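These are the structures in question, set out in turn.
Consider the two complexes below, in which chain A is the common component and chain B and chain C are the respective partners.
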Partner chain A sequence: MNAPIIWILIPFLMGILIFLFLPERHSPLAGGTFATILAIVALVFPIDVALLLGSISLKISSSIQFFGRSFVLNTADGPLLAVIYGLAALWFFGTHASGTANRFVSIGLMIVSLLTASIAVEPFLFAAVLIEIAAMLTIPLLVPPYQKPGKGVVRFLIYQTLAMPFILFSGWMLAGVEASPGDLGATTQAGAMLGMGFAFLFGVFPLYNWIPMLMEESSPYVTGFLLWALPTFTAIFALGFLDQYTWIRNTPQLISTIQLAGVMMVASGGFFAAVQRHIGRIMGYTAIAEVGLVIIAMSLPSSELVSITFMLLIPRGLELAVWALALSILKRRVYSLRFSELQGIARSHPLAAAALILAHLSMTGFPLLAGFPSRIALWQELAGQSLLISFWAFLGLLGLLIAAIRTLAVFVMAKEQVPWQINEDWPQVIMLGIGIIGLFVLGMFPQILHPFIRNLPALFEHLGQ
Partner chain B sequence: MLINFISWIAVALILATSTTLLITRDWRFSLGALAAQYLAAFWLITRHLPFAMGSAKLITGWMVVAALGMTRLGISNLEEENVESFWPRGQWFKVVLILIVTLAAAGTTSRIEAAIPGLGLPVIAGSLLLIGAGLVHLGVTSEILQVILGLLTLLTGFEILYGAVESSILVAGFLAVTNLGLGIVGSYLLIAGFYPADTEEQA
Partner chain C sequence: MLILISCFLLFASALALVLLRIFQPNARYTWLLAVGGAILALVSVYGWLALTPFDLALPAWQPRTLFINPILFRADDISWPFALSISALTLAVLLTAVARPAFTNSLTWAGTLALGGLGILAVTADNPLTLLMIWGALDMTELIAQLRSVDGPAANEKVVTSFSSRAFGIGLLLWASIISIAQGNIFDFQSIASGSGLYLVAAAGLRLGVLPLHLPYSSESTLRRGFGTALRLISAASSLVLLAHVPAESLISSITPFLFILAVGASLYGGWMWLRAPDELTGRPYWIIGIASLAVLSALSGNSTGVVAWGCALILVGGALFLASVQQTWLNRAMLIGAWSMSSLPFSLTASAWVGRLGFFTVFVVVAQALLTAGFIRNALRPTGRDSLDAQQNWMRTVYPAGIFMLIFFQVLLGLAGWNGSSQIGAWLLAVIVSLLTFGVIWATPRFRILNPVRAHWLTPADSGLNTIYQGFWTIYRIFGNIGQTVTDVLEGEGGIMWTLLFIVLFVSLLTQGSR
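Right after this comes the complex of A and B.
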């Protein structure tokens, strides 16, 4: 067997099969189960290591040749694949509870497999094209056939498409820079091209305006999935660049620019979240702020860089899934997600309201919740580097906390005589319950993630060694 | 000498088609110009890539044109949306924009040739014209078809330049998929909103 076939080709084909042959109501179970199996296989069977099962010797080889280039998933990728497909399974299982249809699971599986291909392709800069193809696949999910496309989806398509040429061309220029490191002009040009490419991909300030727009005009669950998947794989891709081109890490101006971009995202995301009156847009700005934290983590001149980045990325998948699920449940009950429509919703949908608030608090770094340990680790490193950056990042998180408190106030703003009742159905109760428990478990016992995170620095030859 | 002359004709064709794409409001002319643009791009791409790879890009481009054309033909009774009133709609404004792009391309071409010798002036000029025209296109419109045309123009320009420095079949294939994907996504976005909601899927 071959790792790229198992974790790239088969999920892609499975997505096509589900799309073509499975009724919409069965696809969450099928897709979720399939993703869970892939996660377990990644966890149990190490890649490129021969295992003896009775008289049978089993080995998953790590690479495959395709049109003269390699797709490689090696032993260190195992925990990462387990996390990716585990979180994807969570999203797929939640599809039914969120009421999301329109082939989310089938296309979602194809997107995850393409994004997995982006971390396997060599040379790794070709990942930009795979990310672009995955971004295009999300369009049918964001715009159902019965809905006119809004401005958000058009901007999303433009920005993602613009990113690809910048990154591909910068990759070619970077090779030249490595050959003659003293050429300041070429270094600046390559750095600028690379920066522009990642600014479009990550949605660096002010290129993130499509995110709040999408949160308003598209399904919150689908947009949440997009906000989880794309930045996660983009971050892994960016870490690849930092690993491959040592001079990027050793150029103080470039590192300062990366830090500034991250701080701008955290501070502006926090500020805009604090002043919103639409809980979908609040989620969008919070996701932006968290991507800012990931960017700051990637700029740390520390050996813990990779660990902290993944500590931020892994709980993020759970937080966004819980938040998006709760938003979807609330959206089915109210006309819009504006504060004016949601007053007192906690009395009629207590579980969805609680899950939403907890996910939000977790993303602000509230103690005992999933986002807390990663924030502490980040603060610890950041405080030693720059108090100014720490201060602005703190202001951003404060903005997110204000947004959470405002949302909570709106949710409980009901008349006295309105009774408390649970209107969520069983699948929703189960999925929200699992999500809430997960948020607390990851917050109180962060060591659970240790087996996954421990070997991830090995993915990168130079970073964090 | 003759090949160089034909290359400059291709550049002139690119200038004409990108101006047409920007100015015309008739989707038939736009798609015709896009098809001609792919022909010119094919010639410039084959200066550095094998004929077969250039042909693949040409065929992919024409498939995109066909997909967009058939979709637009099927919804010919689209209501006119007046969403771009903010921008100047005059043709002269757009001609001036293309002139600026042409001047910028003319000024930059020789510098790029000096930095990356061997690319060829027509290849660089044609590529920069397309990239600039694509960016201008994206800057002055928010209509779906026009946005897709702008993105395809920009990508074609990039492909000409990138083809000169990277000859991987895998990348060429991925870029072809990207072009085709943009065409299909564009077609989908054009027809989205014209179908009634599926009650089973909505529920």
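Right after this comes the complex of A and C.
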């Protein structure tokens, strides 16, 4: 057996099969179960290690050649794959409850497999191409059939496409920088190119304006999935750059720029979230702010850089899934997701409203919830580096908290004598319940993530050593 | 381990009540079970005395390199009086429940027990991380309980507003932690950095409604006497305990006098409104603000035992008054022992309240304390508006006063023995002045119209003059909202991509210039 075949090729083919042959009602269960199996396999069977089952010896080899490129998944990738496919399973299982169409599962599987390929491909610069293909695959999900794409979709595609040449070009320049490290001009140009590429990929301020637009015009569940998947893999890709090119980490100006970009995302995301009146857009800005935190974490001159980054990324998947699911449920009941349409909805849909608020509070770093431990870890490292950056990041999170409180106020402001009623159906109750429990469990016992995070620094040769 | 046992008794009893409610809805021993759990918890908390100080550390979060502070609880001179008061209040709520109209609501008892457990965890929290977690749990519990009990948009909005003030208090505590870490400290209550102390006071003050003055506790709720009292008082105590951990040296700053002024203002406002409240439940938010302000003033004057004393007074004296729903002359008179507990006279519960440095503010503090004590006496002796025990069964007539008497007993006990602030002479001269002023206010109340209680429907805290200040904040918020909308319109409009690219070019040029 071969790891890239198991976690890249087979899920891609499975996505195609589900797309072509499975009826709509079965696809969430099939896709979710399949992703769960892949997660369990990644957890149980270490890659590149021979396992003896009686007289049978099993070994999952780590690499494969494809069109002259290598795809390599090492032993250290195991926990990461388990997390990726575990979270993907959560998204797929929630599809039915969210009321999203069946091709979400099939195309979602293909997207996850392509993004997995992006962390496996060598030379790793080609990840930019795979991320671009994955971004293109999301278009059929974002644009309903026979409809004109909205402005948000077009911008999303433009920005993601612009990212690819910048990164590929910077890769070519970086080789020159490595050859002559004293050439300041080449270094600056390469750094600027690379920065632009990642600015487009991450959606650094103000390149993120497609996110709130997309949240307003497309399915919240699909957009939520996109907001989970793309930044997660982009962050892993960026960590690869930081790991490979030592001079990036050792150039204080570049690190300051990365920090500044992250802080601007957190602060501006928090500010815009606090003044929104559309809960979809609020989710978009909150996701932006959290990517900002991830970027700040990646800029830390600390040996714990990788651990903190993944501690931010993993709960983020759960938070966004719960939030997007709750948003989808509410969207089916109201004309739009503006505050004026949602007044008092907590009385008729208490679980969806509660899940949405808890996911939001979790992303602000409210105690007891999944986002809290990662933020404590971040403050622990960041406060020692710069109080000013900590202050602006803190202010951004305060903006998110204001947005959460405003949303809560709108949700509970029901007219008099309106009784509390659970109108969510059983699948929705189960999925939201699992999500809410997950938020609390990760918030109170973050050590359960430790087995996954412990070996992740080994993925990066120089970072965190 | 003892901390865990006490909390386990409360949580296990609560869980048992919930399970009984589900599987045996007609079970007749639910109240006995609840009271049994509460009694055992109270006894176990009293038993802490034999071993204090001691710690309880939960398994540390991983990786240890990132989470330096474990979840840690500590029983000591600060936490024990609070924990004893909370467990006594929990038991008192259950004992006095027999005289309430909805006697058979086992879910409310379960809620009270769980709240008691959370309260004990909050007051024993030995570092900010632990306190943040327990505050989070308490705030969510209170939010859910309140939202379930109120009706109408205005009341719901008020619940969310009160939640928001406490959430921002959490934020301030977190910011104090960040500052402490930035100064190279491992943030626990034993090594608070000099710049963090004021933020801690502000965090507690914000949660209590003192700094700045606001009403974090809604009075328009069906959660009135039993569960409502536990919720209000335990929540307040969980914030007060933070003040007791702030070392005096971390409060020396140029801002301290301003905090003094704000706290004095809040104490006078709370005392005045409490004195003029039409009944004790309507006036309860003012009681909390008034006592909390005095605790804040104690903390600012560098007197942590004073904070503990006011915290215990808040729970025990206030608890006895708010739980007393039945008219009994001798019980009303017994409650007057609460006035003694409030007086700061030697060997009283609050004898250690004013051993710190109050300076110029002493006069105002004396007035505020006198107003609160006079208001307490007036409410304790009010004959109207209470039920009678005559129609109740014999055992109820015994159990109900036992609940109130127990709280009075613990007021006296804590004044005499058991912790660092007990058996003290304290600032006796100040206490005598407070007592004389209290009697003066009581004498003057029926004689001067301005001191008379206002009618309930005249008491409109949410629409009072304070609101004009907060309207100002809304105006600023709207201005920011308009700015945000303008930026959004530009970036998301037809020329958005061009504006974005222009911004990026400018940004890169600036950075390139900077690097050169």
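Everything that follows uses one rule, which is that the second predicted complex is superposed on the first by the 462 of 465 C-alpha atoms of A that agree within 3 Å, B and C clash if a C-alpha of one lies under 4 Å from a C-alpha of the other, contacts with A are read in each partner's own complex, and residues count from 1 in each chain.
By our rule, a residue touches a chain if its C-beta (ideal position, glycine included) is under 8 Å from a C-beta of that chain, and two chains touch if they have at least 3 such contacts.
Since this is a predicted model, take the numbers as computed values, not measurements.
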First (chain B), second (chain C), both or neither touched by A:M164: first
Contacts of A:E416 with chain B and chain C, given as first, second, both or neither: second
Which of chain B and chain C A:M444 touches, first, second, both or neither: second
Touched partner set for A:G371, first chain B, second chain C, both or neither: neither
Which superposed partner A:K151 touches (first chain B, second chain C, both, neither): both
Which superposed partner A:V275 touches (first chain B, second chain C, both, neither): second
Touch count on chain A, higher of chain B and chain C: C
Intersection of chain A interface sets (partners chain B, chain C): 151, 158
Complex interface listing, chain A residues touching chain B: 24, 66-69, 99, 101-102, 126, 129-130, 132-133, 136-137, 139-140, 143-149, 151, 153-154, 157-158, 161-162, 164-165, 168-169, 172
Chain A-touching residues of chain C, taken from the complex the two chains share: 59-63, 65-68, 129, 132-133, 135-137, 140, 147-148, 151-153, 156-157, 159-161, 163-164, 167-168, 170-171, 174-175, 177-179, 181-182, 184, 477, 480-481, 484-485, 487-488, 491-492, 496-497, 499-500, 503-504, 508, 511-512, 514-515
Residues of chain B touching chain A in the complex: 138, 142, 144, 147, 151, 154-155, 158, 161-162, 165-166, 168-171, 173-175, 177-178, 181-182, 185, 188-189, 191-193, 195-198, 200-203
Residue numbers on chain A that touch chain C, as the complex places them: 151, 155, 158, 188, 192, 195-196, 199, 206-207, 209, 212-213, 253, 257, 271-272, 274-276, 304, 307-308, 311, 343-344, 346, 365-369, 372-373, 376-377, 379-381, 383-384, 387, 390, 394, 397-398, 401, 405, 408-409, 412-417, 420, 444-447, 450, 453-454
